[in-house]
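Letters A, B, C and D name the chains as they come in the text, with residue numbers starting at 1 for each one.
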Amino acid sequence: MRIGVLCSGGDSPGMNAAIRGAVLRAVEVHGFEMIGFMDGWRGFFAGDSVPLDRRAVRGISPLGGVILGTSRVQPFLAGRGDAGDLQAIRDRAAEYGIDGFLLIGGNGTQTVAQLLTAAGIPAIGLPKTIDNDLGGTDYTFGFDTAVSIAAEAIDRLRTTGESHRRCMVLEVMGRDAGWIALHAGMAGGAQVMLIPEFPESIEQISEWVLSVRDRGRSSLVIVAEGFRLVGSDEQVTRDGLDGFGRKRLGGVVELLAPLIEERTGIETRATVLGHLQRGGSPTAFDRVLATRTGIAAADAARAGQWGTMAGLRGDRVEMVPLAEAVGRLKTVPADRYEEVRLTFG
Amino acid sequence: MRIGVLCSGGDSPGMNAAIRGAVLRAVEVHGFEMIGFMDGWRGFFAGDSVPLDRRAVRGISPLGGVILGTSRVQPFLAGRGDAGDLQAIRDRAAEYGIDGFLLIGGNGTQTVAQLLTAAGIPAIGLPKTIDNDLGGTDYTFGFDTAVSIAAEAIDRLRTTGESHRRCMVLEVMGRDAGWIALHAGMAGGAQVMLIPEFPESIEQISEWVLSVRDRGRSSLVIVAEGFRLVGSDEQVTRDGLDGFGRKRLGGVVELLAPLIEERTGIETRATVLGHLQRGGSPTAFDRVLATRTGIAAADAARAGQWGTMAGLRGDRVEMVPLAEAVGRLKTVPADRYEEVRLTFG
Amino acid sequence: MRIGVLCSGGDSPGMNAAIRGAVLRAVEVHGFEMIGFMDGWRGFFAGDSVPLDRRAVRGISPLGGVILGTSRVQPFLAGRGDAGDLQAIRDRAAEYGIDGFLLIGGNGTQTVAQLLTAAGIPAIGLPKTIDNDLGGTDYTFGFDTAVSIAAEAIDRLRTTGESHRRCMVLEVMGRDAGWIALHAGMAGGAQVMLIPEFPESIEQISEWVLSVRDRGRSSLVIVAEGFRLVGSDEQVTRDGLDGFGRKRLGGVVELLAPLIEERTGIETRATVLGHLQRGGSPTAFDRVLATRTGIAAADAARAGQWGTMAGLRGDRVEMVPLAEAVGRLKTVPADRYEEVRLTFG
Amino acid sequence: MRIGVLCSGGDSPGMNAAIRGAVLRAVEVHGFEMIGFMDGWRGFFAGDSVPLDRRAVRGISPLGGVILGTSRVQPFLAGRGDAGDLQAIRDRAAEYGIDGFLLIGGNGTQTVAQLLTAAGIPAIGLPKTIDNDLGGTDYTFGFDTAVSIAAEAIDRLRTTGESHRRCMVLEVMGRDAGWIALHAGMAGGAQVMLIPEFPESIEQISEWVLSVRDRGRSSLVIVAEGFRLVGSDEQVTRDGLDGFGRKRLGGVVELLAPLIEERTGIETRATVLGHLQRGGSPTAFDRVLATRTGIAAADAARAGQWGTMAGLRGDRVEMVPLAEAVGRLKTVPADRYEEVRLTFG
């Protein structure tokens, strides 16, 4: 058996551990051959590949990034998965002599895995996204590292905020789902957590900040990039451009911080965590989850369980039908948000 | 409602976050009063207590240790929970005016919580142990921090091991369950993981170490303190004393390392992680898990769900009957061990 | 003897250790009394003070921020140190019964210390600034922590940059001196380091980025906030406002990154480290330097060496006349810049 | 010009950065060729070498260990540097076509560098040792990383010590010089620091531990492996063997901890940091120092300054005659020890 591996989408700490787990299992235990494509589908179509054996994955688990590279190049060259697109992949796969794919990626990639399998091109999904917005698994690898980095950033910002009696606002990733903001905020002791799923008004936010001040403390506000103010769509938006038409660095935070300062009279400072969230060495949790995901995917390939994804269920990694995982974004439910809103606000 | 809180057993990163979560929830949301006993049951009997309110738990989540202190003092002064012992607790609780207990501890403490509730003294359990050997929950808080520290130790030992072409052996905690060794070993890329549940022979271990050498690498062996060599009970044991009757620092590793060196001819060095595993700031994962555990316990007290324990089930924290959690140690199952043995050995 | 302590300017990791060192030395060894003013000169004038004894400084060395708070409130209420201003300080000091000051701060604060001493109000300086731009000392405490955080950020950005074949640009602090960019860039392996002291043209920068690409790598550019492009004052400036008159988050990097992308055709991403640089637990180096600075300042007070500053000279902390330290900014000399420009460019 | 590079002695964080600095400077700026010998003198004599160019040193600064490996193999095969030994080296160097050596090592290696140069075999020294016991430089690279790791260990031990009201004793490296114990102890807030240069009696140590208890705290004792108790040579010694003739893991701490517990009645726990001190990613400080050391050594080779060592002097790296650096161990002077003994005891 010969398996092709590629990574798609933004990078996510743990991808190297997933590759290592899959390769050691598939090559050393099951006797498969493995081939990796560089920079995702780009390498697949361009013939840019590397053999993956024990030596190739030696010592890579603690390393950030991913040895294969990743890109947002789409697999369907002409359109969205019509017959011609699928035949192009089938032909290329035949040239490489591969019997199936392990696809490491987020929601989009898992959808591709499902489409391919349905079209007779066997694929198995390894879910990764720092946003943790994928169904079919308790957590995706990369999320714990992103939360750790954001929580550490809160620890840092809090001390400087307290020294200067300032309100500190930290923007983290999360376009549609507020998981990073919710967990990092809870870990770091943020008093205000603003997430895309639940808009709040600037009046409410200011009230929280002022009540923290009244308790003798400095506020730490964490905000996901996709958060929207109630009734203020125009003021706090994420058009990505400043008034000169230049790309803006900060998103929502750059507009939210001045509003808080204006309303509360408390000096307010904004920080955007940005790319720092997805780089660097993965946490032990993510390395373990990713390694187990890779092992499970290799086992599933051997068992012919194509069209599945390796998901964490409690303390087990299980193969989940891709149909269960994709399509629906996993967002923060109301009870989780109410819990923190009432407890820490 | 007035609730007493205490910690029992060895400390476990996340205890402060659990106390903070419970206090903020119970006091700020439910309007309860909370009282903390210093050093576990010692403080309860000695009248050494502190009021727990918002101010008392301010900023404590990132701190290691536990603000209340902990001890191994037993609640049953005379024996194992007979009528007199229970009456003493009942009387003392009445003096404090408390309606129920939140008990933060491991297996022993959860058993106590069950006994108390059965005797009409309402108690709820918050499971903590770095060993992760408790049933009724996917993970206990403290475990992730211990794994992180051990994985970082492996990262450090590996580099010095490779520089000197040595075999490095790291002893971690785990008297009866090998979870720390298993997860840290997987995260750090140890080639050999030795755990209490599955004895191995020195011949097998040496064979692994030699095969790693033959692949051009240096071995990293991680061993849980409770590991036993096959057929060598006398040689590698954990009597805790050296030949002069003095307490020994290293356990199994101090005896295992020389055996490996003797058998393989490879210079071998031992390190005992010891108390470093349970101190210091908890990981973000443990802070979140502990905070949610505290919140769930406060909610359970309000709902009158005594005799339960707050357990992690997938991505939810749920109240589990204590009867399900206690009594049975959660050890590493055969398939998890076989998985790593075959894949990394 | 009774000594007043206060912190002025932006906070700098190590201030707590400096206070602890000074207090333990002065109180426990020399038998002085110590009093701390909250939020710098604000607390001094407002009568907001705390007694500083062993108990007050217990366990504070590893903590970020500063227990006394800090602010940019100026000591000279009316103007720049005329007779009236000085008399106001003299009167207030008499009310507190203090015989002298320990002033923890940067260039401005050390100048104040000199002026006060000259006017007969005894003061000793403890130099702190993350920018490391003070004379009279090899390094200021806070600098090593800032460099560490920035170097860790580079480690993170590099891995995600390599995964996506992008050019990553990191903005760090340094309005007039490029020390943080220089040291963090060297530690993290940045290929391009841009500092205020030495303008470069966009042509030169693009050439460096392209030559890195030609070597098969992704560029890591570190830029100090005060860097200016040669011949492009208008394009890359730091007006602090975007086109809507709102405060901009990013400084130079927000304008530099698009220019690099435009010139090289390489996808380029910007990150601003911002407040993350000055918060959180100090490095061991900064804790030791700050503690020794505090001890030396207490000893100097006892010896009557007013008008001096505690400076690091090789491996010794020595008292330096304030006149030597202040007035002149310590910037990166040409040979240090040439060294890295030639070696890593 | 063609230069040979090798590492000798125990590994020390920063060695990779030193090699990278030297190679980039020598190859890219001066146009030299560089060759590295694997595992120190072993590789030199065995013909085990690698070419060192830009590609070979890519991205290695943050990595622990050393890409060339290191060993304690001696350069003088027959004896201590007689004519035959020197001729063997001269002949081998001629075979490799090298014009000089860069030798990365501690006191012993720097002595060798001096002997070689004196015998007409040009050599330059790059001082590395985690112990910081070399003359001719303010600090050696590796030391800051070791201190950081030990200070972090103290942070961890302190919290668990406080939770359990225990005395925690940490053994760190330092056979002859107590620099690591002194600096890590100061950074971590140890109350008792025991170093080889200044023996103390068990009575004095117990008195310190008891007075800490009387202040309501738990003691943190840091002890260098080479510390000796006054008048108790037999009790606290470092024979390296336990009563069964097996190598002991712990040194002085394993014997000191029970003595403290016995004398004070306070539960006391011992930890040996061991190999954890010298592995893993170097601190930013050590990476910068090591990189600058490598650059300076390459420049010195070009300038023909053989027989020198690159030493840190304040904020400059300067070439120091080897005669000044070697022979004399740099130990902790009395005033530095008195300072901490009086201030923190």
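Going forward, a contact is a pair of C-beta atoms (placed from the backbone, for glycine too) under 8 Å apart; a residue touches a chain by one contact, two chains touch by 3 or more.
Please read all numbers here as calculations on a predicted model, not as lab measurements.
Chain centres here are means of the Cα atoms, and by that rule the chain farthest away from chain D is A. Centroids of chain B and chain C (each the mean of its C-alpha atoms) stand 41 Å apart. With centres defined as mean CA coordinates, chain C is found 35 Å away from chain A. Here the spacing of chain A and chain B, counted between their Cα centres, is 30 Å.
In chain B, the positions touching at least two other chains are 152, 155, 158.
Taken as a graph of touching chains, this assembly is arranged as a ring, one closed cycle with exactly two partners per chain. Put simply, chain C touches chain D in their complex at residues 17, 20-21, 24-25, 28-29, 54, 58-59, 61-62, 138-139, 144, 147-148, 150-152, 155, 158, 183-184, 186-189, 215, 217, 283-285, 287-288, 291-292, 295, 313-315, 339, 342-344.
Against chain B, in their complex, chain D makes its touches with residues 10-11, 15, 39, 63-66, 69-71, 149, 152-153, 155-165, 168, 242-244, 246-250, 253-255, 258, 269-272, 274-276, 278-281.
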